[in-house]
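First chain written, first letter: the chains are A, B, C, D and E, and each begins at residue 1.
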Amino acid sequence: GGAAGDDPVSGGTMRMLQNADFSYLDPARGWDGGVNAFYRLVYRGLTMQAAGDAEDPNAIVPDLAESLGTASEDGLTWTYTLKDGLKFDNGDPITSAELEFGISRAWDPEIGIGSPWLRNTIEAPADYAGPYQSGDHPGIETPDEKTIVFHLIAPFPEFDSVLAQPNAVPFPVGSGAGDEFINDIIASGPYTLETYTPGSLIKLVRNEHWDPDTDDVRKAYPDAWEFEIGLDGATIDERLMAGQGADANAISGRVQPATLARLQAPDLAERVETADAYCTTYMGMNTTKAPFDKVEVRQAMNYAIDRASLQTASGGSQLADPATTITPPSVNGHKDFDLYPSEGNAGDPEKALELLASVGLQDGFSFTLDIRSQPTMQAQAESIQQALAKINVEVELNVIDTSTYYETIGTPSQQSDAAITGWCPDWASSASTMVPPLVDGRLITDKGNNNLAQIDDPGINARIDEIKAMTDLDAANVEWGEFDEEVMALAPMAPLLWEKGVFLPGENVANYIPNTSMTDLTIIGLKDPSAG
Amino acid sequence: MTAPLLRATGLVKEFTVRGTGLLGRAARFRAVDDVSLDVHAGETLALVGESGSGKSTTARLIARLIDTTSGTIEFAGRDVHALTGKDLHAYRGDVQVVFQDPYSSLNPKHTVERIVTAPLVYQKRPIPGGARAFTRELMERVGLDPDHSGRFPAQFSGGQAQRIGIARALAVSPKLIIADEAVSALDVSVQAQVINLLRRLQDEEGFSYLFIAHDLAVVRQIAHRVAVMNAGRIVESGDRDQVFGDPQDPYTRRLLAAVPRIRPEWDAARRRNERARRTVEEAAR
Amino acid sequence: MAVVLLLVCLFTYVIFFVLSPDPAVQICGKNCTPEAIDRIRANLGLDEPFRTQFWTFLTGLFAGRAYGTGANAIECAAPCLGYSFQTSQPVTDMILQRLPVSATVAVGAAVLWLLAGVAAGLLSAVKEGRFADRFIAGLTLTGMSVPNYVLALSLQFLLVVTLGWLPFPQAVPFAEDPGQWFLNFLMPWTVLSIGAAAVYTRLTRANVIETLQENYVRTARAKGLSPGLVWRRHALRPALTPIVTIFGMDFAGLLGGALITETVFGLNGVGKLAADSITKNDQPVIMGVTLLAAFLVVVGNMVVDLLYTAIDPRVRVGSAT
Amino acid sequence: MTFTPTELEAEGAAGGEPTGDPASARPPRSGRRLARAFLRDRAAVACSAYILVVVLMALAAPLLVELSGHGPLEFDQAAVDSDLGGLPIGWGGGIGADHWFGVEPGNGRDIFARIVYGARVSMTIALLATALTSVLGVVFGLVAGYFGGRVDMVISRVMEFLMAFPALIFMIAVLSALPAENRQALLVVVISFFGWPYLARIVRGQTMTLKQREFVESAKASGASSAQIIFKEILPNLSSTIIVMTTLAVPGYVGTEAGLSFLGVGVVPPTPSWGQMIASSVPWYAVDPAYFLFPGAFLFLLVLSFTVLGDRIKKIAESGEARS
Amino acid sequence: MTDQRPLLRVRDLTVGFTTAAGRVEVVKRLGFDLARGGALGIVGESGSGKSMTSLAIMGLLPKGAERTGSIELDGTELTTLRERQMQAVRGDRIAMVFQDPLSSLNPYYTVGTQIAEAYRAHRTGVTRRQARKVAIEAMERVHIKDAARRVDHYPHQFSGGMRQRVMIAMTLSMEPDLIIADEPTTALDVTVQAQILDLLAEIRRDTGAGLILITHDLAVVSEVADHIVVMREGDLVEQGTAEQVFSDPRADYTRMLLDAVPRIDDEIGLLRTTATEEPR
C-alpha cells in the first residue's frame, strides 16, 4: 500500500481526530479496535500482529520475544525468550517478571475486564484474583530474566495470537493498582503519554527509552501524536476535507456516508483510502422461539432480505458490501459462497414464500427485532422491515439504548425473536474466533451470551472441537471456510453486510493504511514534518 | 327590651403576622380586642372608626368568614360557633354581607341573574318562581331595570352595581345585613341613593343592619346606634344622638372634630334662597 | 432552598437507582460471570439497601468517599458526585473539565442577549407603536419561535458551508488564537442568545412602558426634571430590576450546560457531556450534571434574591409603619 | 428548545393583577366582537390558516399519501445513488413529479409523506401535552392559591423543585432509559410533568389576588363550599389567562417534542417526526440541504404560528375581555 | 396685592381623546381665574374631568390627549411653550400634589433624595449637601418629626398621611407660585385629612402661593377654597365664590350635589337626589 507516493519522514506531530474517547488507557481494561490501535503506540507484548503494510497483515510476529513461542509436545507449555535492551519509559528494564506481572493483571476481577483470552487459555486456580490480591501467577513461570513459560489449560495451537492481545503487556511489578492507570500509563512502546484530558485531548511524545533496534515492526516516524477527541463526525469530515493548517497532518476513522458525494472532487478523490471489512453485520434468529425454530423459516429470511437496499441504507456501495458468509473476505479462512442467492442481492421473495409455504406460513407472521438506538442500525432494521413486508412478515422494532444493547441481547431471557448486531474476529489470522463463538451450543450462558441463535447442534459442536485441535493453522483455516458453509446451511443467522471503510487522511500523511479492524498507527508518518 | 338579634361578647381576633427581614419573628397581632355589641331586630348599628381599627375584621367574625380567637357570637339565641351543616347554611341565609367595592364584590364573569341566585344555589335551596322571575323581582325591589338581568357587572355603573350586591343579599331573605363600607366608594349623589334604598328596605322589610363606615356624616344619616372603634376596641357606643351630640370618649371627639363640614350659615342661607326660589317658581306657574 | 436541593438529589437518585443499568455489570465488562458481578456489587456497596446507598452518596457530596476496598479502592474526593465506571473518572472531575467551555458559552451568550435584548427593548419602548417597534416585535416573535437546533444548523449551513464566512468550529484555546477562539464561539453564542434576547426584548419593552405609566414618573415630570433624568433615574431602574431576577436564573440554567447547542456545535461543555453520557447511559454522570444544574439554578435563585434585596429598598428595609 | 420563553414572559403580562377600573367600565366585548377583532388581525389569520393546514394535513395524511403515491415508510432504491453514499438522485434532494419534496438519502423514502405523517405526531403530542399541562397547572395552581398555607407551601415547593430541575437532561435520561413502547404517551407525560408548574405559578398568583376579591368572600358568606368557590367563582375569571397560556404553551411543546426526537429519544423509528427528520438530516445538510430545509421550515413555521397566535390572542384578550 | 392680573387664567380649555369609538372631550371649554394667593376648589363627581384639567395645566396629559384653549400663568401663555420651557415651569412655578402618595413616590429612592432632586432640578450649582438640608427643612415644615433621620427613609417606611406630607414637602422645597393638589386627602382617614388640610392652609398663608384643590368632597372644598368651580362630565356647571356657590347655587346640578351631601350636624331625613333612579 502506501499513500500518495511520498514516503514518511521522521519528525512532526501526527494528529488524530475522533469522536469518542478511548475506552481505557489501561490495556488490561480496554479491548476494542480503536484502543487496540492506540495501545500499539505505547505498549509492547511478546507477540503482535504484523505491520499494516506487511504481506499478510493478519499474521502474528514476535515483538518483545526473540521469536514466536515454542510449544511442548502435549501443547500445554509454551516458552518465550525476551530480546535484549528492553526498557520502560522510566528507563527500568523489562524482564520476564514484569511480563508475568503485567499479564497476571488480567485476572484481577475489577481491572482485568479486557480481552478474556489470557484467562481462557492460561492455567490458573479458580480463586486466583490477580497480582494485587493473590500475588504471583501460578500458571506462569519465569526461570530467568529472559525466559517466560506459560502453562495452558488445554492445548491451544493459536497461543501466539493470545499473547498478541493488548492485555499481554509488561508493567513494573506492583504498579497499576486501583485507578493508577486510568489517567496515566507506564509505556513500553515508542511513545509515552504527555497529557491526557479525558474526553478531549491526548498527547503522546517519544519514549526516549524505546530502542528501535529491538522493534522490527514499529517505525514511529512522528515525534508526537495528538488525539483530538469529542468531535462530531461531520465536523471531522469537514476539517479533513478543508485540510487547513495542522489538519493536513490529521487522520481519522471512517468518513460519514453524507461526505462520500463530496469526495468525488478530484483533489479529494486522490487522497481517499479504502479498507475492507473485518466484521460481519448479521441478523441472529433465536432458534428457541417459533417460527425461527424451523430451518425453512430461517432460510426464507435469508432469501427475502434485500441486501442491496441494506447496502444503500448503510452508506451505499462504497461503505458496505452484501454479506453472504459469516467470515468476511479479509479474515484468513474466508470461503466465498452464497447459499441464498438473488438477483442483484435484492432478495428473492418468491423463493422465500415457497419456503414459508412449505411449513404452512405463507400468510406470514410477525416477530420482534432488537436493534440499537443508532441511526445506521435503525436504517438497516427499517430496510429489513420493508423487505420482509413483501412476504407478509411483519417486523416490530425493539429499539434498545446503545449502552444496554449487548447486555440485553446477550441475556437469553431478555432477547427477542431476532437481533441485528455485528461480529468481528479477535484476531484475523484465522476464523477460529469468527464463526465458533456464534454457534457453539456449549457457550450459551445466562449473561454475555454470543450465540444469539442459541443453536446447540451436536454436529456443529463436534466440528468446532475437531478444527480447533489442528496444529496446522493453514489447514485449519481451510476447514473454517467449510465450516462456515455448513453452518449457513442451517441458517441460524442471516449475514447482512460487510461494512467497509472510506478514509480521508490529510495531505501530508504518508504510509497510511487504514483498516476497519485496527489501523496500524506505528508505520504512519508525515511527508513534510515541518508543515502544519 | 327584647333579646337582641345578634349579640357578640368579648370578641378577640389575633392574626399571626410574619416578621420582616431575615430575623423577623412571627408575632401575634390583635386586630379585634374584646369587642362586644348587640344588634336588635329592625335596628341599624353603625360601627365607625379609622382605617385599620378592626371594623371589617369584626364584620367577618360575625359573618363567620373567619374564626374567632375567643369570645362568643349569639344569633337569635343560638351560639353561632356551634353551628354546622344545615344550621350553618340557615345562618348564612340569615346573615348577608354587602361589601365596599361593588365591582370587586360581583364576579365579573357571571350575569346578574347568576350572581343574585348564587346564595340560594350554594345553600341548595330552590329558587322561588324560577331564576328568571326571581331575578326580575329582586331587581325591581332594588330599583334596577329588570331587563338587565342578563348583563355583566361591568355593564353597570358603581351605584347600580352596589344595588346588585344588595339584591344578592336580599335573595335569601336575611334578618341581618352586614354592610361593610357599602357606600364609601360611591360619589355623593349615588351614595345618597344607596343610603335611601337601604333605609327604605329596612322600613319595608324590617332588616337589621350592621353598618360599617368611616364617614361619620353618612353614619349619622342611617344609624340608630353607633359604636366607635379604635385600635381593635370599642371606645364608645350608644344611641346616635348621644354619641354625636355628647361624645364621651376623647377619640370620638377627635374624630367628630375632624369631619369637614359646610358652614351651617351657608346651608341656612341656601335653604332660604331655595324656598324663595320655589315660591317664585310656584307663583310664576 | 436546601429542601429543594435535597428533593432534587433524592428524586434524581431514586429515578436513576430504578432505571440505571447495574454499574457492576458495566465494570465487569464484556466477559463477565455472575460471581464476579456479585463481588463487585459487594465491593461498591451496591448490595446495601437503598437508604444506606443514598446516605453514602450524600456524605460523599460533602466528605468524599471511596469506591471499593483495599488496593483497588478508588478515591473520590469531595464534592463527590459519583464515579463513572464507563470512563473511569470521578464525575466531579469530568464536569470540572467541561465547565470552562460551558461557562464561556454561557457568559458570551448572556452578554449578547442581555445587551441585545435590553437595547432592542428600550428602542421598542421608545418607539412604541411605530415601525421600529413593530419590526422588533416581528423579530422577537421569530427569535422566540425558531428551535435552536434549526437555527444552529441553518446558520452553519449558511455561514460556514455556503458562504464560508466562518471557519469550521474548532476548539482553540483563547490564549492560542483569540481571533479564532472568538469566531469559533460566535455561532453558539448567537444561537443561544437569540431566543433569550427575544424574551428580554419583550420583557424590557413591557416593563419600560409600564413603568413610564407609573405615578412616580409623572411626579418626576411634575417636578420639572429633564426627560433624560426622568428616564435614567425613574424609569430605567424600576423597569430593569425584574430583568435582573430573570437573568440570574437563566444564566445559572445555562451554566449547567446548553445541551443542544453544545451538541450541535461539538463543544465539549457540560451539556455535551450530559448528551454523551445519555447516549452511553452513563448514569452517574447524568446524575452529576443534573445535580449540578439544579444546584446552579437554586444558587442562582438565591443570588437573585440577595441582589433583589440590594436593589429594591422595599425588600431591603422592613416596613416601619 | 431548552428555552420556553413564552411562559416566562406570559407571566409578566398575563400574570398581572386583573385590572378593575370601575371608572372606565365599558361593556365587555362580546364573543362576536372579539372574533371580529381577531379576523381583522392579518397576522393572526395567517397563522391560524397555517395551523389549520397542518392540522388538516395531519388528519388527511393517508389521503394525501394516496395522492402523492408514496407511503412514509416505503423505500425507493431508484431515487438514491448507492455509489454516492445513498445521495438522492436529481436536483434539490430528488424533488420532482414523483417525489414532491424529494427523498431521504440512503433509503429513498418520500419526504412529503414523512412530513405529512410527522405532522400527526407533532400535533398529537403537543396538543395532548398542552391539555394535560393545563389541567394539572390549573388544578394545582387553583388549589395552592386558594387554600394557601401548608397546601400552598407543599405545592410551591414541588413547583420550585420541578422548575429548578434541569428538565431537558432529565427528560432525555428518563426517555432513553425507559422502554420504547408507548413512546408517544410517555412523551406527553414527561413533557407535562415538567410543564405544569409554569402555568400553575401564574394561576396560583391570580387565584391569590382573586381570592382577595370580595365576591369570593360573598360566596363564602352565602355558604359556598371551597370546591364551588374554586371552580364556579374563581375559575371563570382565569379563562383568558388559561387561553393565552395554553396557546403560548403549544409552540413550546411542539418544539420540545421535535427537540427530543432530534436528540433521539422522541418517537421510535420508523415513525416519522419532524424533529427526528431534522436530526437525521444533520450529516447531510451540506450535500442535501433540502432534506433539512423541508422539516426545518415546517417546524419553524408551526412554532412561529402558534407563538404569534398566542401573542395576538393575549393582546386581544388584554384589550377586551381580560379586563375587570 | 397691587397686581390685578390673576395668577392663573384659563380660557376655553378643552381636552380631548381620540379613541376607537371616536373623539371624546373630557374637558369642555373650561374657563376660570385664580387670583394671587387665592384658593380655588374644583369639585365634581368621578370622571368629571377634574384630574385632566390639572394635568392640562401641568402639560402632563397622558399620551393621546390633545389640549386646546389658553392657560396663562402670570401672563405667560403655557400652551405654546416648548417642552424644554415647560420643564422650567413645572416644579419651579407650579407644583403638584397627587392623590395617591405611595404610588406617586418612587420606591427606589429615599424621600430625601426625591425632595432634593426637585430642589436641584431648578437650581444650578446646588450641592448635594445643601439640597439635603433643604429637604430636611421642608420635612420639618410639614411637621415630620425627626426629619434629619427620616430624610433617609424610603417611601414605604412612612404611613399614608406622612407620605402625603412628604409630597407636600417636596412642593414646598420648590417654592412654587401655584400648588395644585389633586384629591390630596381622598386616601386618608378623616383625622389625617384634617391635618393635611390645615397644613395646606398654613402653607398658603406662609408662602402666599396660589392653591388649586381638586376634590369630590364638597365639605372639604368648603373648608379650604375661597373660589369654587363645579364640573360635570367635562362641563363647567357653575363657578363663583365659595359663599355664593354654597349659599346660593345657581345650577340644579350643584343644588342636587349639595342636597346629596350627608351632614354631620344637620337634619336627618331622606337625602335628596334628583332622581330615584340614577341616570344610565
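By our rule, a residue touches a chain if its C-beta (ideal position, glycine included) is under 8 Å from a C-beta of that chain, and two chains touch if they have at least 3 such contacts.
The structure presented is a predicted model; accordingly, all values stated were derived computationally and were not measured.
**Student:** In terms of touching chains, how many steps apart are chain A and chain E, taking the shortest path?
**Tutor:** 2
**Student:** Report the chain whose mean Cα position is at the greatest distance from that of chain E.
**Tutor:** Taking each chain's C-alpha mean as its centre, the farthest from chain E is A.
**Student:** Please name the chain that ends up farthest from chain C once chain centres are defined by their CA atoms averaged.
**Tutor:** When every chain centre is compared against chain C, the largest gap points to B.
**Student:** Could you state the distance in Å from the CA-based centre of chain A to that of chain C?
**Tutor:** 40
**Student:** In angstrom, rounded to a whole number, how far apart do the mean CA points of chain B and chain E lie?
**Tutor:** Centre separation, chain B to chain E: 32 Å.
**Student:** Can you compute the centre-to-centre distance for chain C and chain D, using the mean CA position of each chain? Integer Å is fine.
**Tutor:** 23
**Student:** If you average the CA atoms of chain D and of chain E, how many Å lie between those two points?
**Tutor:** It comes to 52 Å between the two C-alpha centres.
**Student:** What positions in chain A touch 2 or more of the other chains?
**Tutor:** Residue numbers touching two or more other chains: 238, 401.
**Student:** Can you list every residue of chain E that touches 2 or more other chains, as numbers and ranges?
**Tutor:** As it turns out, chain E has residues touching two or more other chains at 46.
**Student:** Can you list the residues of chain C that touch 2 or more other chains?
**Tutor:** Where chain C meets two or more other chains at a single residue, that happens at 279, 281, 319.
**Student:** Considering only the defined contacts, which chain B positions touch chain E in the complex?
**Tutor:** Residue positions touching the partner: 50-51, 143, 157-160, 187-193, 195-196, 199, 214-218, 220-221, 244, 254-267, 269-270, 273-274.
**Student:** Of all residues in chain D, which touch chain C in the complex?
**Tutor:** 1-3, 5-6, 8-9, 12-13, 157, 160-161, 163-166, 168-170, 172-174, 176-178, 251, 255, 258-259, 262-265, 278, 281-282, 285-286, 289, 292, 296, 299-300, 303-304, 306-308, 311
**Student:** Residue numbers of chain D touching chain A in their complex, please.
**Tutor:** The touching residues are 73-75, 77, 80-87, 105-108, 176-177, 180, 264, 268-270, 280, 282-284, 286-288.
**Student:** Given the complex with chain E, which residues does chain C contribute to the contact?
**Tutor:** 214-216, 218-227, 229, 233-234, 237-238, 241, 311-314, 317, 319-321
**Student:** Show which residues of chain E lie in contact with chain B when the two form their complex.
**Tutor:** 45-46, 189-191, 193-194, 197, 216-220, 222-223, 242-243, 246-249, 255-266, 268, 270-274, 276-278, 280
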